[in-house]
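Each of the next two complexes has chain A plus one other chain: chain B in the first, chain C in the second.
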Partner chain A sequence: MKSLFPTQLGRDAAIGAVIVIAMLAMPSLASKGFVFILGTLSLHIVFGLSWNLMFGQTGLVSFGHASFFAIGGYAYALTARLYPDLHPLLAFSGAGLFSAALALLVGMVALRRSLGVYFAILTLALSQIVYLVLSSIPALGREDGFTGIRRPMLDLGVVAIDLAQGNNYYYFIIVVSALLAALLWWVMHSRFGRAFRSIQQDPDRAAFLGINVQANRLAAFAIASGVTAVAGALYGPWLQLLTPEVAHWTFSARPILYALLGGVQSFWGPVVGAAGFAFLEYGTRTMHGFSEIIIGTILLIVVLVFPGGILGGLALLGKRVGSKVRNETRVEEAP
Partner chain B sequence: MVDFIASPLFNGLFTAMVVFLFTTGLTLIFGILRVLNFAHGGFFMIGAYVAFTLVRAVGAQTSVLGYIGVSIVAGIVTGLCGIVVERVIFRPLQKVDESYSLIATYALLLITEGAVKSIWGVSFHSVAPPDVMNGAVFAGNLVMPIYALVIIALGVLSYALLEWILQHTETGKLMKSVASDPWMAGMLGVNVPRFYTYLVVAGFFMAGVAGGLLLPNQTLSPNLASTFVIQAFGALIVGGMGNIRGTFLAAILLCVVDSFGSLYFPAVPGLLFYIAMTLALLFRPQGLIAGARI
Partner chain C sequence: MTYDFTRRELVKTLGVFGAAAALGTLSRPSRAQGDPIRLGLIAPLSGSQEIIGRYQLAGATIAVNQINQAGGVLGRQIELVTRDDKAAPAAGVAAAKDLAGSGVNLMFGILSSGVALAVAPTLADDKSVLVISAASANELTHEQFTRNLFRTSDHAYARQRALSKLVLGDFPDVLKWTAILPQTAISASNWDSFVDGMSQYSAEAGKPAEITEALWCKFGATDYKNEIAQLMRSDCEGLYCGVYGGDAVTMFGQAAAYGLTKKFKVLVDPGSEFIIANAMGKNTPPGLWSGFHWYHGAYEGHKINDDLYAAYVKATNDPHPAGYVGETHASVLAYASAIQKAGGTETEQVIAALEDLEFDSCKGMRKIRKEDHQAICDLNFVQFGPDESDQGWKVTSHRIIKDEGVSEEPTPGTPIVLKYKKA
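Moving on, here comes the complex of A and B:
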């Protein structure tokens, strides 16, 4: 593998391209229900990847990531209802920028005062506030949810694509998700990413080396929130409905599960985790009650047996097999 | 006067004691093992369902003795679960990172929810308090249901009992020493692993008993676990990382504030709890009672 792709960029770009092409080919191969699951999955992947920018890279445990997903979703839905003529790309990116700005404000206060478990619980409290407020505003549909979110007309200057037609919105989701994932990849592998990782490993030393710890943590929080808000904005028209459940704390647990299940050390961890989780959920959807038992048990096994997640476990396995092979060849060469 | 001050104060105290009774076991486990146990809510729920089944089997819950007995049986059932959980999950977790233990207990919460769904189904159930506790006491215009008074008394009693155990008994001193330095405690001859087992069993027992005692207070459904656990985390962290006194005070503070909040902002019930929690974390991040463990 190493000789095939000399750089990490080359390898990750190749993996990403294969995934995206496979996803784009799906509507002509698989059933409608499966395509729907894949569209949802790709938004969940962005959700997980953006959370892992905070945790895997910067060492921040946010337990309220869903609130930014929800804020992005509701912000887009409301904008699209109030200004139906606004260009959808503007509305989607506006939802992302709005949430990123909000995260910046929240982070300026929250990150200065609290870290570790405190930050986790603080974000949990804030997300409960978002959940309660979203479920009580009449204009947002209260507990019944925001209904009738339409898939917009995408005017690209040369051509206009009606996203409500056929699988167009699915393709749109895949392309935007891939772009968001690429953005996150770029952030992780740029100087930002190196600064983030140094902070995760040792904030004091990072500060000593002249890295502005506070500003970098804030940047990771704001970028992750903005990216997840765009995914949330895309989620509304996909389901054509948004309920306050997307702001509930159990939804905030999702990206955490994805990242830890797949492996937080690798960029691809949340992708593997989200796909694995979706597979489990799909496979157990008819087993009432048992589905939670099965998902919970598998999660427990992963955490207890492979603390590095699925990818960490595979890497470990690969190393063991590799060293075994090397030992055997050495034995053969010996005489 | 009564409507605007005494009544929300009383309601706040009542919910505070509900939250405190729920949080005691969680606090003990977090204070000593440093495991933030999501599954606590799950075992609380199992306790409530076990108590419900017993009440159904016996017929209507009439006597106070039956009410307490049923709760203790529920506690024994969850305590037994605690033995298994400690062996299979908590002990191996000591070696892995804190955030993984969060995930493991969340996974356990999922399992308990699944177990409840497959054993008891998804329909809603409710149980009335024992007949003796059905009335209410009137103090002027203030209506105080007897059941609420009983819960407040139970909350204060269990706080006093725990405080006494922790401050004045050998067991309490042992708990404090293990909490502050398990390695050193082990060196001095404490069997720390066995101590952890007892502790987890005690914590789970408390979860089950609380489930039984609070059964008449809420509707039973598989969502019960996740509704309580967040408020409990709030009281736990605002109190100061797992000490009983801090948790007790934090539960009262947050719930009384929330009770006044629901009176003045009825549009969003429960909102003030989390706003108070956020402010408390921002202005006193070390917790109400800082430094003290357990």
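Moving on, here comes the complex of A and C:
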């Protein structure tokens, strides 16, 4: 059978394009509630992909990734309130760069002193500190959250788009999420990504081959944190409110669930996991009190039956079916 | 490296998206005039706040059943459509958008002010109306005012000023007050409003109150011993306990060992209703005044109140309905009156009808102000004390404060000005 896409870039670009086109078409096809879920899903996909850059690619386990989502969100919201004339693209990217710089500082200490479960606990502690700080500052709305985050006017020079009108902000976050996902894909498949994977497989051997393990881990942590922060920054105007809950450890568990559900070894794993999770939540939204039980049970079954996640399980099934077909073909061809 | 992604598979994939899109199209609403009138309840129906959400659901269900048994509105039955907000802003927005997308443009409920503040900016775009049945943040009818949002329940400013009026009337010589508060904006707003009322009413009586700096603690804290020790050293006679819900139970449980509840002459609580008494039983702080959305015992003889109470007890076997039951019940009655008045359920028709609407409810007549969409209604308070019964507590007194000058003047779009607030 002739393959349509001979390279991984071609295949992944085609899948990505189909997903983006489908999501861009949804406002004219689906209900507002479903569109809101999809907009949130696109940001959660970026959240999951960036976490998996650390775990699936570099072997860093963070239990506090939500802290950077929250820092990005609050940084954007505060900047937009204090400097309403600042170009929104500068404000969004500024939130990402600020969080990446913060991650560099944290990582320089945390990654030097600890790895594995210790790094996980350190990041968890960081997220709880961020949560407590956000809950205590009156200017950030304490426990009740930062309210009145407006969707900005996007001036692109030739045209100005009011993101507060209609579904404009939805289209904006889909496009930006796609660009962020493409950036992460490029990082994972570039020289950086190969260095990250070698560190994940065997850091000692990677160091022996001349790879700066510490610098690469730091880079993975900073890139993942910066990208997550941009997703957090986009989330504020989407919800028009931010609460400290986005820094809570329960929110940090989300990207872990997405990656484990979808599969950590594939780029598309967190995408499938986040989408599966969102559709489960949407499908069970009227089953008050039972929704969490149903979702939990399904997650448990998936993790037990497919330890490699949904994509890992499908790949395994594909291999088995393929080898069965080949065996049958050989039997038929035999004289 | 090659991948087995063929043209046929690509077509199949596109087919799946096409099917999903078609399902989306099918989910778009199309309603005829003879169909039931669908009202959307948004409440915490799972999670830690479900304990309150169940009251909101009960009140709404009873109101819908009563209206339907009486023939409906405009000859149409009412259908209750429920969505769970989990008391989380994101889930609340998703619920509101889901309802709007399903053709349910008339919504009510919402317990958490955070959820209400998140949903409010989405209403105009979605051409929906939201009637708040509990969330009490002042901002909803001030800074965050939107003409698509109404509130049929009382708000923080009115209730806390009414509470100060009540205690000054009963205890005119208790003028030194302090507070213990969780670090939440609504608690700060409650305390500011209480101080505002206390300062105004005590000054008018010729005996100005003395307000001591409040103690702030973590929301959801499990250890209040430091704060309790500080309060034991205080020379104040009145304590405003802004710690609410489960936190209040924890705090009062620890305070009993220190004798805190006996140290202060007057204890007030902004709105835990039956929660503290039910949890503390025989250790219920004696003389504790608690704010209520609605207290059924205060309106015995009023038919709407009596019918609601009877229906609630029949459905649940619980003789102590929380005030949230009455508030969602009242929101449904407000919609029924507005739809009747408007002659239809279109968003603009209903908004126009809700403005200046006067309607009867379980706690008497309410009037929704046209300017800021805030209902002016009675403020209810209940005093608790321990007793020897099996439940361990009893209602020792209750009070209705009429909102005559208690609420602020309507100023939608701008914050409340606290004229008497002390730093």
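Here is the rule we go by: the second predicted complex is superposed on the first by the 333 of 335 C-alpha atoms of A that agree within 3 Å, B and C clash if a C-alpha of one lies under 4 Å from a C-alpha of the other, contacts with A are read in each partner's own complex, and residues count from 1 in each chain.
Operating definition for what follows: a residue touches a chain if its C-beta (ideal position, glycine included) is under 8 Å from a C-beta of that chain, and two chains touch if they have at least 3 such contacts.
Computed from a predicted structure; not experimentally measured.
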Quiz item: Is A:F55 contacted by the first partner chain B, the second partner chain C, both or neither?
Solution: first
Exercise. Check whether A:H288 is in contact with chain B, with chain C, with both or with neither, and answer first, second, both or neither.
Key: both
Exercise. Report for A:Q265: first if it touches chain B alone, second if chain C alone, otherwise both or neither.
Key: neither
Self-check item: Contacts of A:R11 with chain B and chain C, given as first, second, both or neither
Solution: second
Quiz item: With the two structures laid over each other on chain A, which partner does A:T243 touch: chain B (first), chain C (second), both, or neither?
Solution: second
Self-check item: Partner chain(s) touched by A:T297 [first = chain B, second = chain C, both, neither]
Solution: first
Quiz item: Which of the two partners, first being chain B and second being chain C, lies in contact with A:V109: first, second, both, or neither?
Solution: first
Exercise. May I ask you to decide whether A:S93 touches chain B, chain C, both, or neither, giving the answer as first, second, both or neither?
Key: neither
Exercise. Please indicate which partner A:P307 is in contact with in the superposed arrangement: first for chain B, second for chain C, both, or neither.
Key: first
Exercise. Identify the overlap between the chain B-contacting and the chain C-contacting residues of chain A.
Key: 132, 136, 288-289, 291-292
Quiz prompt | Partner chain C, residues of chain A touching it in the complex | solution = 1-8, 11, 14, 18, 22, 25-26, 29-37, 40, 132, 135-136, 138, 141-145, 147-148, 166, 239-241, 243, 245, 285-286, 288-289, 291-292
Quiz item: Contact residues on chain A for chain B in the complex?
Solution: 55, 61, 109-110, 113-114, 117-118, 120-122, 124-126, 128-129, 132-133, 136, 249-250, 253, 256-257, 260, 288-297, 299-300, 303-304, 307
Exercise. Using the touch rule from the top, collect the residues of chain B that touch chain A in their complex.
Key: 36, 89, 92-93, 96-100, 102-104, 106-111, 113-119, 122, 226, 230, 233-234, 237, 241, 267-271, 274-275, 277-278, 281-282, 285
Self-check item: Residues of chain C that touch chain A when the two form their complex
Solution: 1-7, 9-10, 13-14, 17, 20-25, 27-29, 45-46, 50, 82-84, 88-90, 93-95, 97-102, 113-114, 117-118, 121-122, 125-126, 137, 139, 143-144, 182-186, 188, 218-219
